[in-house]
Amino acid sequence: MSQPLLKVSDLRKSYGAIRAVDGVSFEVQPGEIFGVIGPNGSGKTTLFNSMLGQIQPDTGRIELQGEDVTHLGPLQLNRRGVGRTFQTLQVFGKMSVRDNLIVAAQEHQGSMLRRLFMPGDSGLGAKADALIDQFRIRHVADKKAGQLSYGQQKLVDIGMAFMSDPDLVLLDEPCAGVNPSLVGGLSRLLKELNQSRRGSFVVIEHNMDFVMDLCHRIMVMVEGKVMAIGTPAEIRANKQVLDAYLGS
Amino acid sequence: MKTRCLILFTAIAAAALLAAPHFLKSYGIYLLSYWLIYTIATMGLNLTVGYAGQKSLGHAAFLGIGAYTVAILLKAGVSFWLGLPAAALLCFAVGLVLGFPALRVQTIYLAFATLGFNTAVWLLIRNEEWLTGGTFGINNIARPEFFGYSLEGNLAYYHLVLGITVLMGLKLWILLRSPWGKAFTALRDNAIRAESLGISVRGYTLLSFAIGAAYAGVAGGLFASLVQFIEPGPFTVAASIMMYLMVVVGGPGYFLGPVLGAAVGVVLPEWLRDVPGVANWYLPAFGAAVVVLMVWLPDGLLSIPDRLKARREAREASAARTAAARKEVLQ
Amino acid sequence: MTDFLQLVLSGLATGSIYALAALGFTLLWQASGTINFAQGEFVMLPAFAMLACMSFGAPLGLAFVVTVLLAVVVLGWGFKRGVVDPLMRFGMMPIVVATIGLSIALRNGVRAGFSAEAHPFPSLFADKLFNIAGVTVTLADVGTFGLAVAIVLATQAFLARTVTGRAMQAVAQNTESAQVLGIDVPRMVFYTFAINAALAVAAALLVTPTYLAKFDMGEGLGTKAFFAAIIGGFNNSRGALVGGLIVGVAENLASAYISPAYKDAVALLIFMVVILFKPQGLLGRKEERKV
């Protein structure tokens, strides 16, 4: 069994008396799609933000490919191959779609000084175009990202996370606000990306069908603690989870 | 399409700028130089404020640092051609320092911090007579020689200023077209997202201040030899605010915004200065115009084409929807 | 020692005027997110208005009352409806830029249209000197300090103890909740603008006798009002008083013991230290940064 890509050990974060994350431990294998589900207030977002360097955990360890990254910030995590999408859309509205994708990975091309002398697309033009075609948004590629529909912006957001070929991508409620008819397409797209790039995903999501269909393994969080980790089938059959969360 | 328009425009403008002085009296040529110098300074501010989204109400301080550096060095016997790059480097360094508060404080607090910086620099210039001549200033600032060819005359000096303006403009154009340009825009539009994509918010923020400052430093050096007498007056907070407004009026984030802004903010009042009855009303009118501009065109004058385009596209989209709806109804 | 006390006391007087301007500034910011760059001019205009009234023969008291009414209409209602309301939807910076434009227009408009010179202004207080424990103070200093502090405390009492005042506070803290509770938000915001205008007239009444009425008298005052407000704490109206007094006293002391040439740098220096080390101000509450 190879080294896990991501290893979280006994992570804790409290806000005053509230234990948002209360001793969470899990591993994510390379190439795995790992879902995180749980009722509102279960600590999923706090867990995510800790993993992304947005907030500092109180205790515990986060290891990325064996390296301790517990206290690193978003910038350093990105350089180590962690990408993310946002729950509220955070594309660069005034830039074109193509430029959004290019800027998402340009900082990985050479040093800052060398980049001053590179062409505008840092050599990433072809890669951006490939992603645009894969996501089927060729027809809006040159429009300003702010002018796109919500669903299209969502795709750009996801595309931006993947441009720098991260080993680990954290997706924060990718289905939020997306038209139900498009959710299936989104799931297919993510599976495609997972298979072609062999990166690992950690996905927070409330849409049960989506999670069960997409993820290899799922972790259920309730009140800051891990209630269960298993395959979708195992989770569906887990009585505790059914009682606490899924209903019958 | 846009690039071709820009190149055509630049070619016409270049021709006009080269021919113009021959139709103007000495004062007119002087005014053109004045305008170009402020264009350089405002270009720098446009990078900091327009492209990188920072707040800077202290730009005139760098103009002053540049001017006094060149003037003091000239008086000490150092050549203009060494003094000018020295001024640029010094301003770059000071600009970096000014960038640090920008990492800690946001928007309006940053605006006031830069305003305070300007006050501090101005106070130093005004009070430290041993260095700057205080309120008496420095006079008899020489104009340089270029390989034995004197640039003393207004026309000759104008050519120098024009050349440097074009050079600085070109450098900025290249910078903005490079990946740095995208990084600055990302920083402006969404710093948090930018950080999560590996864009060093810290690095680019500091650079935006430093480069902007360096531009003002170059402008300041040219300014010193143009006006040949400098005193603290042009480097006050009020001057910084005017420069900020020049960026805003021209259009922040538009490459040619500073050209237009400097024309409105610097050339227009100079030109109107000798018109009786009007001269004193320039500033009140300008102030009122800024208020009106914010209501009608908050993105500046150069945003007009984009506004028209957006309106046209909205109309087309609405027409398309109506047509589609009609088709459905008729089926 | 007596010199020191003298400086402190006259600094308190100046500082209390800063506090008036800072208070209005803070209230505007809290209630509507407006940063009023023209606050200094809002003090300058009433000074000239009162002079104009008095040139028609009105006594100072009447001129003051008339000017307050005028200010509430023009600098309160007019400013809100004409400048702030249309720009609200664009965010904070367009309003800031518009108020910058306004300050330039007003300042130079008075210079071009009225006079570029400094005009004397009658003082409320007779030219008397007091001797308190060996320290000489002018009646003007004591009177200014007392009056200004009284106005600030009265304003705070109004905000804290009356129904309208509390409604205004509710709007300042959470506009949406206030709306849901049935509070007439636009009216409360207007009241804030009106109070700011009135405070500005009061500041004019107290500051102009010493500094004379001139078109650019507002320039430094506006900036110092902002610094004072930040130093005291932007989200706490008591902060304006504390900030103003600190700036006033510090300026006086620095001017005497360090150098008068760098007097204007004092407020700036304290401001820089505060925003770098305690950005919520000396009395302010820490605000959580929203990601």
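Chains: A, B and C, in written order; residue numbering restarts at 1 for each.
Here is the rule we use: a residue touches a chain if its C-beta (ideal position, glycine included) is under 8 Å from a C-beta of that chain, and two chains touch if they have at least 3 such contacts.
Since we're looking at a predicted model, the values are computed, not measured.
Ranked by how close its mean Cα position lies to the mean of all protein Cα atoms, the top chain is B.
Summed over C-beta pairs in contact, the chain pair with the top total is B-C. Work out the mean CA point of chain A and of chain C, and you get 49 Å between them. Separation between the centroids of chain B and chain C, computed from CA atoms only, is 32 Å. Mean C-alpha position of chain A lies 41 Å from that of chain B. In chain B, the residues that touch at least two other chains are 192.
Multi-chain contact residues, meaning those touching two or more other chains, occur in chain C at positions 291. Within the complex formed with chain B, the residues of chain A that make contact are 52, 73-75, 78-79, 84, 86, 90-95, 99, 102-109, 112, 115-122, 160, 164. Those residues of chain B whose C-beta lies close enough to touch chain C in the complex are 101, 104-105, 107-109, 111-113, 115-116, 119-120, 123, 126-127, 192, 237-238, 241, 244-245, 248, 280-281, 283-291, 293-295, 298. Taken in their complex, chain C has these residues touching chain B: 35, 83, 86-87, 90, 92-98, 100-109, 111-113, 219, 223, 226-227, 230, 259, 261-262, 264-265, 268, 271-272, 275-276, 279, 291. Within the complex, the chain B residues that touch chain A are 175, 177-183, 185-186, 189-190, 192-201, 203.
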